[in-house]
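What follows is a pair of complexes built around subunit A, which joins subunit B in one and subunit C in the other.
Up next, the complex of A and B:
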């Protein structure tokens, strides 16, 4: 890939090296910046929103909110539905004449009925909401699994000392969850950088224009659609460098835990 | 510790986000399950309405459009991938966990890192090699890609599971001169039912729901896997929808989704185990 990114290409055949021309092309390509900005927007909106919602859900389910059994059953469904299926059904739901707008019209919110995937400003927003919807359950599973391993004695001790439930949450639960939250953030960022193709390709094909293109789709577009192999590979190298930082953190952490466990 | 349940304004208010999120999930399931059984005319009335006409016409049409090929190809690839990843992944996991050799930890970390590399980055170099080797549009070629993509995670799951085993048992067997292969097949493997189910589950669904590899490497009509096939049946882009292809497409989504969702609900324990394994150490 690194070698490909340094070569000139014609009809899927390399035509010799051209130093850093592909990278300079990339830096002069306004679409590339739009793409990177979309990636950043997706990450900074999906990750915190999903984290906060699932933390609240996890806490409520853990303290056995009425109906928690039904909720744990239902919230598991989006996690196991395949990406492509979710993306395809949401495409229909968000369609201009689809059910979402029908519901909005029926309850008198006509002004909110929009062309969710077809309008340049809205398509990225729709994808972000879809990703939030899909990923809540995954974070919920991680947080719930951690919550169930916390020793209940800590809370009883805190109660004797007269701690309020808010104090208990922020001084005991959150610090104990912090490692899991970190892992969640790393996994989610990798997922949003490197495994987003299905949603984009099915829901908007990066459009309209480049308004919902992300780096991964940009690579696909350049390599397999526009035959700009050099430029696509250069973008690929950049994607690899960015994700490597997160992967390194994750793998390093696991290896260190193993070493401490003496394996 | 008995919990007192009070019905206060606060606890009712707490239910609002739960109910809202649940409603969106129920709506999604309703559309996914009911739509394929409705006729084309009925579908023109919208997706989230009370259906009036039922029938199996959409399924018949979808299979006439080649959904069967998609199911067969995906099933073949999923089953073969499962088989090979269990055997090779198990052996590699055993080696990574119990055998002492140079770079053991480094290799394991490298495998671990491979799990998270974007498939898109692997696609171009592979595509060019496959074109030269004439492996594009071949089931064997696609199988090799899936094995490459799924093995790192399988090895990782096996290794994490084996790490919990008592090393003394293995050491004792080795002292008695039992070969590693025998230890693996006779002692370790029969004790690994849980992890085998987890690996099967993850790999089957990953290959079954794959989109990108199928899209790029199996483009011929007869060789398409199920997800690209469904998108092909849906036809046109997201903006144009015809009632006939819509019904067929949803029949495809139903066939692709419902089996794995049912399997997941019977094996939820193993799925959650696999998800949380790496993150809770």
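Up next, the complex of A and C:
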């Protein structure tokens, strides 16, 4: 892909190296920045919201609230379903003439019935909400797995010292979950940078215009639709670099900081 | 034990070469793969299989018809071109300029090279110019049947709206078409079914209607050159197109429906009018009955240019891939599709018109009175096959991406034109 990104292309035929022209073209393309921004918006929306909701549900299920087994199963269903199936179901629900708008109209909330996938301001929002729904199950299981391995004795000792439930959660549970949360963030960011194709392709095809196009889909559009192999490859290299830099910074730098802090 | 393993390994390495040599000696058929987009049980696919049976019997060529489905076909082909592997023969819908674009991209083997088709054979093909690269003269494929751009309408729904479909003119003007839509809408019937999630539908509308907006085909040439796209003609065309949407003549929510869901809208009676291609006619008739399905010209988009009264014939095309090891055998298969009268008879029965200039439509039986009537109109109107020549992949990609936004009023026609210009650079 690196070689492709450094070549000029005439349709599908390489025309020799053209230095960094594909990268410069890309940097002059406003749609490229729009797609990058969409990726950022998805990450900053999905990661914290899923984390907070999953942590809350994981704690509730860990506390064995009534029906906790059913909740665990229900939350995990979207995770085991293929992305294409989930995306197709959501497309049907969110369609302008789909059941969501039908329900809103039926209960008198007509003003809330929108073109969820067809309006530029809403298509990305709809995808974000869909991703949140899909990803909660995965994060939930991850956090739940860690919660079950925490030594109960720590909580018992805290109770003897008079700690409240809130104090126990923020002083024991969360710190012990921090490594798992970090893994969750890394996996989520990688997923939200490079594995969104199914959702975008099925739900909005990146549209209207480029309003819900993410970098991964931008690469697909350039290589397979516009047949701009050089530009698409350059975008692929940039995607790889951005993801790598993030992982390096987040994993190695924070780990080092923790070590230096003696944690 | 070690000896046995060594011998087995040597056998494994040598076996493929022995098999290859043996295969060359005996009468093993040449194997070809043909990718189409039509369903396995469709009428056209059955004709492709009949042609394959012919070349198997006469030339010992095995043609495997592979249905790749409409969605993602071009992407699969692009991947094949990059790896120089895949099918030997490929379908190319909206042949015309697109097959020339494909040829320039290195997808197609020129039919005029290596005597695959003789000069005489090529001269007998209708729409040849549209498959020919004007700069090199290379012919990158052929239409296998003349197609047409049309719309099907539901006669019963027309009657429900008080419209006398029997009085429809042979070819309607945009005003006549609008009047029909208005009456349908007033009767609570959605006039036009559309599915524009991917923008493909709007792209058709753009590419089929726009040439009919002008007087001569050279008028549309600027729209795929590097010249500024936006001018008054383009602006009016876009305005009418958006106006059609704003009037509520399209199926509500159609902009978020996939193209694969389009055909079901008509057969489920969710709309009264729908785009029609020959391969779909039998599907519509099967679902609704021959008496219910009428056929009319694809309407122009408000223009009253001379080409609005021309005949929008085009041809789904077929080409040989550049990487095939058997171009001559692939050419024999193509010749079956265009020159074999038995095969052409089957194409006509499916609603297509012959490509071989020597064959006349009147020599064949068209299926159904409605199609026969429509075909008769086609026979007398002038054609503008060149009109489709402005439909290129470069242009199409951007129209698919942005014409949806333009119709919905999310961008202006000027911005739409600017997006096209950016891609055409």
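Descriptive notes on the structure:
Simple rule for what comes next: the second predicted complex is superposed on the first by the 244 of 263 C-alpha atoms of A that agree within 3 Å, B and C clash if a C-alpha of one lies under 4 Å from a C-alpha of the other, contacts with A are read in each partner's own complex, and residues count from 1 in each chain.
Just so we're on the same page, a residue touches a chain if its C-beta (ideal position, glycine included) is under 8 Å from a C-beta of that chain, and two chains touch if they have at least 3 such contacts.
Since we're looking at a predicted model, the values are computed, not measured.
If you put the two complexes together on subunit A, you find that subunit B and subunit C bump into each other. Touch counts on subunit A: comparing subunit C and subunit B, the chain ahead is B. In the overlay built on the shared chain, the residue A:140 is in contact with neither subunit B nor subunit C.
In the overlay built on the shared chain, the residue A:240 is in contact with subunit B alone; subunit C does not reach it.
In the overlay built on the shared chain, the residue A:131 is in contact with neither subunit B nor subunit C.
Look at A:55: by the touch rule set out above, it reaches neither subunit B nor subunit C.
Once chain A of one complex is fitted onto chain A of the other, the partner contacts of A:118 extend to both subunit B and subunit C. In the superposition on chain A, A:209 makes contact with subunit C only, while subunit B stays out of contact range.
By the touch criterion defined above, A:200 reaches neither subunit B nor subunit C. Of the two partner chains, subunit B and subunit C are each touched by A:223.
Contacts of A:46 after superposition on the shared chain: neither subunit B nor subunit C is touched. Overlap of the subunit B and subunit C interfaces on subunit A comprises residues 12, 91, 95, 97-98, 117-118, 204-205, 220, 223-224, 229. Interface residues of subunit B facing subunit A in the complex, by the touch rule stated above, are 1, 3, 5, 11, 14-15, 17-18, 21-22, 24-29, 31-32, 46-48, 97, 105, 108-109, 112-113, 116-121, 123-125, 127-128, 131, 163, 205, 208-209, 211-212, 215-216, 227, 230-231, 234, 237-239, 241, 246, 249, 253, 256-257, 260-261, 264-265, 268, 271-272, 275-276, 278-281. Put simply, subunit A touches subunit B in their complex at residues 1, 4, 12, 53, 56-57, 60, 63-67, 70-71, 74-78, 80-86, 88-89, 91-93, 95, 97-99, 102-103, 117-118, 133, 136, 138, 141-142, 145-146, 149, 152, 180, 183-184, 187, 190, 193-195, 197-198, 201-205, 216, 219-220, 223-224, 229, 232-233, 236, 239-240, 243, 246-248, 250-252, 254-255, 257-259, 261, 263. Residues 74-75, 78-79, 81-82, 101, 104-107, 197-199, 252-253, 255-257, 393-394, 397, 400-402, 404-405, 408, 410-411, 423 of subunit C are the ones that touch subunit A when the two sit in their complex. Contact residues of subunit A toward subunit C in the complex are 11-13, 91, 94-98, 115-120, 204-210, 220-221, 223-227, 229.
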